[in-house]
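Right, I'll just put the structure down here and ask away after.
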Amino acid sequence: MSGTIYVINPNSTVAVTDGIDRACAPLRLAGGPKIECLTLAEGPPGIQTQHDVDGVVAPLLRVVGELEPKAAAFVIACFSDPGLHSARETTRKPVLGIMESGILTALTLGQRFGVIAILQGSIPRHLRMINGMGLASRLAGERAVGLPVVELADEAKTAHRMTEVGRALAADGANAIVMGCAGMAQYRERVEQAAGVPVVEPTQAAVFMAIGRVQLGW
Amino acid sequence: MSGTIYVINPNSTVAVTDGIDRACAPLRLAGGPKIECLTLAEGPPGIQTQHDVDGVVAPLLRVVGELEPKAAAFVIACFSDPGLHSARETTRKPVLGIMESGILTALTLGQRFGVIAILQGSIPRHLRMINGMGLASRLAGERAVGLPVVELADEAKTAHRMTEVGRALAADGANAIVMGCAGMAQYRERVEQAAGVPVVEPTQAAVFMAIGRVQLGW
Amino acid sequence: MSGTIYVINPNSTVAVTDGIDRACAPLRLAGGPKIECLTLAEGPPGIQTQHDVDGVVAPLLRVVGELEPKAAAFVIACFSDPGLHSARETTRKPVLGIMESGILTALTLGQRFGVIAILQGSIPRHLRMINGMGLASRLAGERAVGLPVVELADEAKTAHRMTEVGRALAADGANAIVMGCAGMAQYRERVEQAAGVPVVEPTQAAVFMAIGRVQLGW
Amino acid sequence: MSGTIYVINPNSTVAVTDGIDRACAPLRLAGGPKIECLTLAEGPPGIQTQHDVDGVVAPLLRVVGELEPKAAAFVIACFSDPGLHSARETTRKPVLGIMESGILTALTLGQRFGVIAILQGSIPRHLRMINGMGLASRLAGERAVGLPVVELADEAKTAHRMTEVGRALAADGANAIVMGCAGMAQYRERVEQAAGVPVVEPTQAAVFMAIGRVQLGW
Amino acid sequence: MSGTIYVINPNSTVAVTDGIDRACAPLRLAGGPKIECLTLAEGPPGIQTQHDVDGVVAPLLRVVGELEPKAAAFVIACFSDPGLHSARETTRKPVLGIMESGILTALTLGQRFGVIAILQGSIPRHLRMINGMGLASRLAGERAVGLPVVELADEAKTAHRMTEVGRALAADGANAIVMGCAGMAQYRERVEQAAGVPVVEPTQAAVFMAIGRVQLGW
Amino acid sequence: MSGTIYVINPNSTVAVTDGIDRACAPLRLAGGPKIECLTLAEGPPGIQTQHDVDGVVAPLLRVVGELEPKAAAFVIACFSDPGLHSARETTRKPVLGIMESGILTALTLGQRFGVIAILQGSIPRHLRMINGMGLASRLAGERAVGLPVVELADEAKTAHRMTEVGRALAADGANAIVMGCAGMAQYRERVEQAAGVPVVEPTQAAVFMAIGRVQLGW
């Protein structure tokens, strides 16, 4: 029950890790496990393709292996859950992926969920994984923000597109929405306001599932 | 973020509530929400039929209404999730059901899950709910302990049957098992040992999901 | 084979029961079972939420219990099928729900069915039940009339919205449509004309399934 | 509302038609439609293969066309529903198939249904159709009687195998059973007794669905 | 391994067979099986209804039977796969249907597939078959060209509508498209260009699956 | 249309590549593409875990990149389809995986398919992928040979276990079987004989799908 929950951002962009770290603040409980957020130096600046997903598995597993003795649990903080099943074979400590945890949490918030992807090109990859989870009948739809990377740094523009996409998903019949990315917790409330349905920030969802597992020793 | 998580046992058997209370111990964190376990006085001694399930909804909602001002969240601690969707309409505080939370947690532990029911007659009701969750393709099977209520008090006998059922579910292809009942956390580890796959105690799963939701203010 | 088919309207609005009663006329056959339509006095004026659904189960089961000796079968005439599975445990006489019977009948009329809900807020509840029936792959869509209750009394306005929704469902790919409400048989033909696909009035569907079961003694 | 329900046995074995005719007796109501059972002279003695199924469509449609002016509805009394969708294009009168109607009726009697096939070789064909109905998640299993045709004439032997298969399906988790054949209504009760779950005779199920449709003019 | 692959066009329009024949050219390999395209003289000019589908089975099986001694494999070149399962019972040589082969091929080209139907009225029939294949969760949508038969002869008009439909399917989320017809290979590239996703010509897909089976002797 | 189909064995065991190479013989057609089988030197001796699967992606993509200019298509010859979706992003030439191609081919041979895994531990990984393909309703079951690696070299022992497993899958209801491994084509016919249903060797299935794609220039 001692040990640290390591939240690993598998892309190399420290600003993303910082956003994740801030999002963990309310989950750092006196008496609960320590939560530490890391950047995978070997990762690409952003994970955009299946190639990127597969490419970070090896360095990610290396990090998991190194941290293992001090770890209570691991969270893989990329919405494609890279290396999730590999990492589960590598360590007996709990390993949570933010896509899996985010979507499962959304299932407790509404009958059909929507997903906000950053890129159009990620949607087929996500749908393949949602089918793999057996959840096609719970999906209302997935839509992309579709901004070029440089424009994602513009908070006003990003907030505007995210709330637009959130509203569109609600119109598609989504009763809950999952943000399909890590490090964007600052937009959660605005999307929730705009869409009128609960919005799940998936890294937070994964971290609280990890805390529970650590406390119970499963 | 202040307030108490109320874990409501909708049957009137205090011994079950006591078991639930002990199971919450590792989830009571210094900096986290208070967790209080209650017995629904108006409930039947055990919830065995759809009639029982439907019958506890009204008193349960009454209790939810009364506790609402002091509540941070609610957990309904019966594996048929009585009144879950009604309660979600009654309060804007998080409401978690142990069936839903237990099964969703199992999905992070293995590709196919099995369920240990207490009674054979509960299986069709559970399957209806599992279908309603859209999870038929993740289910390996459900099997019943099938002991008469009086014999459930006999710990050795119950442990024996539970481990037998756990082993049978693993042979059916279950990679994770959910205990389909509340208040039986004491058997979790023995079933896990016997079956050789992770076993989810569903009340604990629901409580940790509630803690996360409370901390995040969702 | 003697005995009466009791069609129970679980809301307390007698005008709805009257509409149901008129819809039963063509199913009252010489030599067939008697059909009697009742209003559940304890019900709310309309069933709009899961809370309403759960709330009518107890008085409904009481009525079922009282009528049991004289009953040939029961029809629960509310599109959320309140207490359906409870009632089936309470009596060995056939119990049919209008949602289940209406949707199953629609499956004989087209590959994909649409549902006309009265209220937007009922759609997630219906989808949960349609998933529970395992029928997600047969659903073309569900859309709401969305009129406030007072305007539902205005027949012209209601007919106009119902036919609009019917047409929209046909455009969604519905090859058959189920009216997601009881007591609105008078609109059936107009929707069918407008949408150009068969339209099922679900109470009639449930009553004829009940007649068959009564005649056969199943 | 005038006119006759024609129940067409697409095999040429008159003894089967006679069994169907006897099974219709309780559904012949004073004020209801006339029910007439016919044998398709051009059919094979039994329908055992997809080839047989496809082969009877042309003569069946010819009979449907000839009877159309006098018909209120048609029932195709073979468990592979030969020509069902073709016949629905040929006439605007209701056309019910016994597989479709029998299975839909079973869905009102239990969460999971089982099917008793006569021949092992028919099972893949039936499963293809059950998938086509979108009902794979409601199926508990299908098992074959597996007696050679000559032995099916031996009532004791057939009853024995049917009850054995019914019991096996209940053990597979079937909460309701559909007899996967026409003209064997005489075994229904014995299978129900043996299996301990409701058993649907599919021709009767289709005929009562037809009566309802005729009375309502859909 | 000797013998001919017979590609049977079950409609009587020789121009369609000619289009199929041209499409087979790249699959006629020096060392591979001979490929011969035939017109079913008894077929209707086009297969537009389930009635048409069922109606060609008997003459088709007759042709299959006659060619059997010289055949290496059969391809049924109509997008409703008429007689596919019957033909598989009739001969032990491989029998491929263009709908089945075309859709399975599309599954290797994208997560979700779309279908271009010629007629609106064929869509429910195709969906019934796609459900029967268990593939509802992979389908993005099906849309019809919807031109009257005489206008299909106008290549410019047909190309225009086909590319419009292809674009619409891509917007529906299709990552690959199947042409829901035989004999229109000449439009494949234009649709692919317009839609920006791979497009499968289903007869070619079926023929190459047949070649493989012939070479391997399965 | 010129160029070579590269069949890459992602494990480093040359004997497996040799078996694959022999299995390609009947698919090397005069006039067809050249087929060359390669061993991935960096791969582990066998691919047994998700870790192994993820680990070979990087070297595999490197090989794909190097061969790209000379390649007509690629086949990834490991039943977990490592790097399949990554490789499809890396090259515009066709990339086929043997799991995907083998299972899709089995769907043309029977309503339900079974899979023969080498190791018990691979079954959850395969099921995750089969769910991802949307094919859970077509799966009859998967069973493992379960021999330790050293015993797999003993042909008699392996043949014995494979035929046993094949028979068990047929009893589970499989109408077609896929061999869940590469390089074991020599056992195909024996399993087919024993099980009495068609057996797919998945590398051969993928290679013939690749040939078709190459010839057509898709």
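Note that the chains take the letters A, B, C, D, E and F in the order they are written out, and that residue 1 is the start of every chain.
Throughout what follows, a contact is a pair of C-beta atoms (placed from the backbone, for glycine too) under 8 Å apart; a residue touches a chain by one contact, two chains touch by 3 or more.
On a predicted model such as this, the values are computed, not experimentally measured, just so you know.
The chain pair C-E and the chain pair D-E differ in C-beta contact count, and the higher one is D-E.
Residue contact pairs shared with A-B exceed half only for one pair among E-F, A-C or C-E, and that pair is E-F.
With centres computed as the average of Cα coordinates, no chain lies farther from subunit C than F.
Both subunit C and subunit D derive from one sequence, and where they touch, over half of the residue numbers involved are common to the two copies. Each chain gets a centre from the mean of its Cα atoms; for subunit D and subunit F, those two points are 42 Å apart.
Mean C-alpha positions place subunit A and subunit D at a centre distance of 51 Å.
The centroid of the Cα atoms in subunit A and the matching centroid in subunit F are 33 Å apart. Centre-to-centre separation of subunit B and subunit D, using mean CA positions: 42 Å.
Each of the following residues of subunit A touches two or more other chains: 125, 128, 131, 133-134, 136-138. Applying the touch definition to every pair of chains gives A-B, A-C, A-E, A-F, B-C, B-D, B-F, C-D, C-E, D-E, D-F, E-F.
Of all the residues in subunit A, the ones that touch subunit E in their complex are 123-125, 127-128, 131, 136-137.
Chain contact summary for the complex, subunit C toward subunit D: residues 1, 26-32, 96, 100-101, 104-105, 107-109, 133-138, 198, 200-201, 204-205, 207-209, 211-213, 215-218.
The part of subunit C that touches subunit B in the complex is made up of residues 49-51, 53-55, 57-58, 61, 83, 85-86, 88-90, 125, 128-129, 131-134, 136. Subunit F makes touch with subunit D in their complex at residues 110-112, 137-138, 173, 175.
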